[in-house]
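By letter and in written order, the chains are A, B, C, D, E and F; residue numbering begins at 1 in each of them.
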Amino acid sequence: MGNRSVVPFGPQHPVLPEPVHLDLVLEDEKVLAAIPSIGFVHRGLESLTSKKDFNEMVYVAERICGICSFMHGMSYCMALEDIMNVEVPRRADYLRTIWGEMSRLHSHLLWLGLLADGFGFESLFMHSWRLREKILDMFEASTGGRVIFSVNTIGGVLKDMPADMLKDFVRQLDEMEKEIRETTAIFLDDYTVKSRLVDIGIISGEDAIRRGAVGPMMRASGINVDMRKNGYGAYNDIDFEVITSNKCDSYARCEVRIGEIFQSIDIIRQCVAKIPDTEINTKVTGMPNGESIIRVEQPRGEAFYHVRANGTKFLDRFRVRTPTFANIPALAQTLQGCQYSDVPLLVLTIDPCISCTER
Amino acid sequence: MTIQTRVLFAVLYVVLTPFVIGLLDGFDRKISARMQGRRGPSVLQPFFDLKKLFEKEFLTANKMQLFLIRSYLCFIVLSGIIFFAGFDLLLVIFSLSTAAMFLILASTATHSPFASQGTSRELVQIMACEPMELLVAVGFYLATSTFTVSDIVTKSPVANIRFLPGFFVGFVFILTIKFRKSPFDISTSHHAHQEVIKGVTSEMVGKEYAMVTIAEWYENAILLGIVGLFFVSSNILTVIGAVIAILVVWFLEILIDNTSARVKWQLMLKLAWGTTIVAAGMNLFLLEIIRG
Amino acid sequence: MAKIHKSPWLLHYDGSSCNGCDIEVLACTTPVYDVERFGVINTGNPMHADIFLITGGINSQNEAVVKQIYDQMPQPKVVIAVGTCACTGGIFKECYNIKGGADTVIPVDIYVPGCAARPESIIDGVVKGIGLFKEKAAALAAQSKA
Amino acid sequence: MEVLVTALICFPFLWAILPAVIHNSKRRAFTVYLGCGIVMVLSVFTAIQWYLAGGQTLDFRLPYQEAFGEIFLWGDIFLMCFITYLSYKHNRLIIAFLSIISTVVPTILEKFGPELPAGPTMRFDWLTFIMVLIIGVVGSLIGVYAVGYMHGFHIHHHKEVTDRRSFFLSMIFVFFGAMFGLVTSANLLGLYFFWEITSVTSFLLIGYTRTDEAINNSFKALWMNLLGGCGLAVAISVGIIYFNTANLYTLIAAAVKTPTKMLCLLPIAMLAFAALTKSAQFPFSGWLLGAMVAPTPSSALLHSATMVKAGVYMLIRLSPAMADNYVGNMVALIGGFTFVAASCFAITVSDGKKVLAYSTISNLGLIVACTGCGYEETIWAAVFLVIFHAVSKSMLFQCVGAIETTIGSRDVEDMQGLMSIFPKLAFILMVGIAGMFLAPFGMLISKWAALKAFIDTSSVYVSTLMVMFICFGSATTMFYWTKWMSKILGASKREKSRDLTKKNEYISMFFHAFMMISLILGFPWLSEHVLKPLSNDMFGVVKQVISYENMVIMIVLLCGVFVIPFINYLLTKGQKGKKVITYMGGANAGDNFNFVSATGDPREMDISNFYMEDLMGEKKLFTPAILISSFIIVVYLIIVVGGALQ
Amino acid sequence: MGQFLPFSKQVLKNLFSEPATTQYPFVPREYPERTRGHVDIDKDSCILCGMCMRSCPPGAIKVDRAGKTWSINRFDCIQCGYCTEKCPKKCLSITPGYQEPGPEKFVYMVEVPYEPPKPAAKPATPTPSQS
Amino acid sequence: MQELKTDLFLIDKAELLNIIMEKKNALWRLCQICCSYPKAEDHFEITYSFANGQELANYRLIAEREEEVPSISRVYKSAIYYENEMHELWGLHVENIKQDFHDKLYRIDVETPFLEKEEKNDGE
């Protein structure tokens, strides 16, 4: 029968702020096949190790992605600290944890907004982003940047947060929490929203593992994995439960991320309460030699850093496997058989970050 | 109704609609923005947009498009004239769907993936609304024994909404679709961020797009006119009530737009038809019983 | 203060940015910055767009895309390069797959520097773009009359 | 007049021998053209003759009526034997059974039953006038078209099918004769004979290619039509036994007089049942779809444009007897239901011929519904629909056939961009489609009148349901036509190629288009001078169905449909527009037809319409539709039969 | 309202309260002190060592020892602050206020008074940019 | 198999498929595959990382420049991307990838940028 459409989707497309391309085979609007294609953002920044020394690479790592830039900078520094056997001062660990959780907050709010935009709920999008702006203001007050912070350095962090600033942040978060609760309730309760999320893009726990999914994508399929439980940074001092859901659909992914928003607020509170008063960085000398693998739980899931140094200031290998990269095979599976209108939504439910995927 | 008043109304419709509906559109954008916690554009923004669109260079993927769009516009205006000059309501609806066909032809003439997918959606949308539109005419016929708009107004001693609550509910429901508000997967929805881009209007550049916008305004005027028709009677004062009703419905549509996600067309079709069958069907049945 | 009432519709394309600038562009449309005050609508469609906001540098794959989108925009049109990457290639300019800023493929009218470019800065750029757009529109009108 | 009518009936039967015996292709073609020409002239001449004579209803007996009576009788028996033989050969004994029952019972009654008064056996009135014109003009154009088409079919496309063109062409003539007989007969026995002939010729034409599918479908058509024949037989028997007449009009008059007496309704119900099968209403729509296996489009269009009209013709005849009673309700509900259901199915298929088949069923549904309502307005609408439908369907089928020959496919999706490569064909297709649903073409006016009449129907349930059926049905109808239209206007992917359509095919098609347009333009005249007397004939009242005011608006709209685009076309022709490639998210591979795919290579873009198979596909809804419609029929028949037996 | 339009409460509240929108550019924005806006030089302390030039990741800074100028292409700078850390004289700083957008990418250049052998140097005027 | 570091094992080609199957059956997930070409060593190092819950295991395969390595994409579908990437950026020959993009995953202009550069740097 001739009633099949073969159409391109992207790279430039209003529902995708980032360029992704899909070849879609549709019957009516049912997706029979979806072949993702990447490479529109590929820069090849891993190769910069041969041109920039390992210190400058901190700034490159930060710019792998503008959403979790902090976490990238941090992971990179952690890898080098591991190689060079540097003991990071405890306060730096705590500060990193606080900023990291703030990143998660801002990333999840951003994601909620984009999701709302994806299913055409404009006012909810605006609402989520308005809330996110407050987090950005905190970032700007503490680091001087809204999305790229440049506060990480090998051996610790560059800027401290004074006690009153921390207190003020906690107060602001307390205030926001109520508003966030009101807003996120819409995602979980509204009939129209549910009609777009429930039972859309189901992927079972086993499939998620087979496809190598990570992060909320995996936790929404009932798999209890969270790299923070490995206890890097200050997480070994923090009390938190991994949030999972057994529904395996888009709604579950939404649920997990919303749960993590409140969890992040809670972790920040705990950190502020426990933060020790030490130095914020240690001086690092010498050249790195050796290799290290670091896994960090970014908002989108596990990021995998593999750094290999050879005793010069230019690294041998700097490998980042970002969460989105790992989630793409799972995405390809969920796209099979979905509706055309679900395509952007499903792309969004893995919380894609193409720039980090393609580096 | 004398021929003079008919002509007068028709002329008023043709002349005033762009200003009135354009302004309403401007307020719509302002109110939506405020509902989202934003300041929003000036209420005159729709007119600036139009002006700009007319000034743009004319690019086209298929020359046929322009003439089809002009025909679309002409037909919408023609339907409006039939309506406001007080002629047959059923014919208004038929000629509106003829107009819609021109729009559809215009969008598919280009072989663009988004316009074509949008067209299919547009078609579904028309299919979802059409039964209810026809039923509205049926409802008026049942209440007043005529399809003629002028007779409906002059011959009803009380506002027809009394007999037609179900029809009204159904009609307001499909208005959400007709006004291209977000709750449904509508290709020409005013929110661009959807998978079919701007649907049927994806390939329309500059003045083509401007004409489609104007046509939409003219169409909205007819639809709001039908809303008003539920509330007017031979008593001239009921016009005030009708205007208030129109504004309330209009506000309701904005509110719905801002408080719901865009649902898929399958659900749209089910909901629209479901509401039509339940609300209008029940009302129809009861009216038939009353008439015996 | 005089308001800027024009209606430039934006088209945003992410060349090979790190997202930092993209989300700042998006942030401009959200309540706190709300560029719709100036009639700006973030349309996704080059056929409707007046202002092309491009973030990130140009690489071998998106070169053709950028060029094509630019060509599909009707005159008058303004191109704004947002972020250091789009201006010069920024920190990535030495990467093997980066050819440089947006001006390597299309003429750029306004450069908005910053990494990431701040919303205020983007608004400034857009406002300047609107000015330029007005000039270009006038020039086009004059040309078509002639 | 008598002579003319007799000639009209007999001539095609006799002429049918010629193509059957002439095997030289050229000469045979010539005889067919000549025959068709004569049929057309004869029918038009007859009609005009009658019209000029004042358009009075004529009741008369055929010359040599007794001889004809014998021919009918032995003809019936011959057909019965023929069917029995075939069904025996193909092991379908149930069909033989149906045939034997339906033939033997009336034959016995006629031979050995009560002596019937020798009344008039034929009638020529306004409805006959219209039918004769339709059959004569549309039918003979189909004949002309068939010659060229069948030539192409055998010589160029289907070399594997045995060339039985002689048989095919002669069947067409047999068919004409039967149709003429059918619409002029007043005597049910005669009518029954012609009725059976149409069933059998249709059976033979469907099985033309002798593939397994064709044979299966032809038997399907046969048994459904024979079932209808049984209904007819019952009606005849009841008429003879209880009313002592075999005259259709006497039975109708009896039912009109005492509409509450079930016994009077019984023959009407049976006749209506027969008509429902012939007009392919649910649950009997299967045969018309099956008929599409026959060579496109000749037999298909014979079926869709003319043969099915036999059914609705009968219903229109019966409609005064169906106003506001059980039979009428049954017919209206079945019709309304078929209207909606078939148009839903039409959405889900992409084979052009199948779309046409479903749309035929759907439109017939609307006509049937109108007749079931039994009001002047609805009959007005029904007759209009019959006229418009005959012309535009015939045109559409011919056009799809020609397109199939030319582009090698009749799939709607493959017709993309036809406008730019074969503008002539596309134009005809567009006119046909526009005629089917656009305001203010014929179909739409009729819908308008029907809707109005249904609101006024006195039965609350029927009225409510019918209004809903029409509203939903028009929405779905619009959907499949518009999507087809949009496909034709789309950008073409094909290269311009040679148009393989024969000249005579074009002649036929353009003639249709011309008729279509003149019908639309002449529509007020038609309403005034043909339909009003018709209504007067049947109901004894003359009603202004459509107000003068609306007529004006419609004419304005009509002009609009032609003039507005034309003016706009002229105005925009000189526009200088820079050409750009269409927007594909920046993925175009240089033109509008290919994009850069995920693997980096250009890939062809395909765009297709919605078919909603998941929502309303045949697989999902066909069985429920059959069940619902069977239920309606069974319930109403039980009411009527039960009431009659009391 | 349960499942149906639960958002209307907040939406209506928004409608009748002050929008969150800042009035920028009609009202200037106040930045927190840590804001990383642009790199500034205290040209009097610069010793033209070139450390900043070599460390700058995108290579935005040019130090010309012979011409005695220090220049920065602000359209190239990513405000990472690495130069400020590396500068031995701590004469670079990142201060609020960003480079204004413009139609051209220009270079901001200052003449540095530092004179390695001879301590006495003419006071040089910085060439103002066209911003 | 030889343990180089905690959780990092050196394996040879023959062992690879066994290990992969073992991991697959125990429901480990493929974390990543990393290819590198250390300047000093002058061969490819391909590291396969698997995770199960919080656990991690890495297996390293050494391959010479022109040596072919087997694809694991038929066991772990998600390996398609990693393997295509290795081929496109490093020029590592991977046999029989399930969905081979033929160097058009990223569609870059430079041929095997990582390998060429490492070569040049060697000379420095």
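Basically, a contact is a pair of C-beta atoms (placed from the backbone, for glycine too) under 8 Å apart; a residue touches a chain by one contact, two chains touch by 3 or more.
In this text the structure is predicted, and so the values were computed from the model without any measurement.
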{"item": "Chains touching both subunit B and subunit F, listed by label", "value": "A, C, D"}
{"item": "Chain of greatest Cα-centre distance to subunit D", "value": "E"}
{"item": "Top chain pair, ranked by how many C-beta pairs fall in contact", "value": "B-D"}
{"item": "Distance between the centres, which are taken as Cα means, of subunit F and subunit D, whole angstrom", "value": "69"}
{"item": "Separation of mean Cα positions, subunit D and subunit C [Å, integer]", "value": "60"}
{"item": "Distance between the centres, which are taken as Cα means, of subunit E and subunit B, whole angstrom", "value": "52"}
{"item": "Distance from the mean Cα position of subunit F to that of subunit C, given in whole angstrom", "value": "40"}
{"item": "Junction residues of subunit E, two or more chains touched", "value": "5-7, 11, 14, 19-21, 57, 78-80"}
{"item": "Numbers and ranges of subunit F residues touching at least 2 other chains", "value": "106-108, 113, 117"}
{"item": "Multi-chain contact sites of subunit D, meaning residues that touch two or more partners", "value": "580-581, 583-587, 596, 599-600, 605, 607, 609-610"}
{"item": "Contact pairs between chains, per stated definition", "value": "A-B, A-C, A-D, A-E, A-F, B-C, B-D, B-E, C-D, C-E, C-F, D-F"}
{"item": "Complex contact set, residues of subunit F against subunit C", "value": "106-110, 113, 117"}
{"item": "Subunit E to subunit A touching residues, read off their complex", "value": "2-7, 10-11, 14, 20, 31-32, 34-36, 55, 57, 78-82, 85, 94"}
{"item": "Residues on subunit C engaged by subunit A in the complex (per definition of touch)", "value": "11-24, 26-27, 30-32, 42-46, 56-57, 59, 61-62, 65, 69, 91-92, 94-98, 115-116, 118-119"}
{"item": "Subunit A partner contacts - residues on subunit D that touch it in the complex", "value": "350, 409, 411-414, 584-587, 595-600, 603-614"}
{"item": "Of subunit F, residues touching subunit A in the complex", "value": "5, 7-8, 24, 27-32, 34, 36-40, 47, 49, 51, 53-54, 56, 58, 76-78, 80-81, 89, 105-108, 113-114, 117-118, 121"}
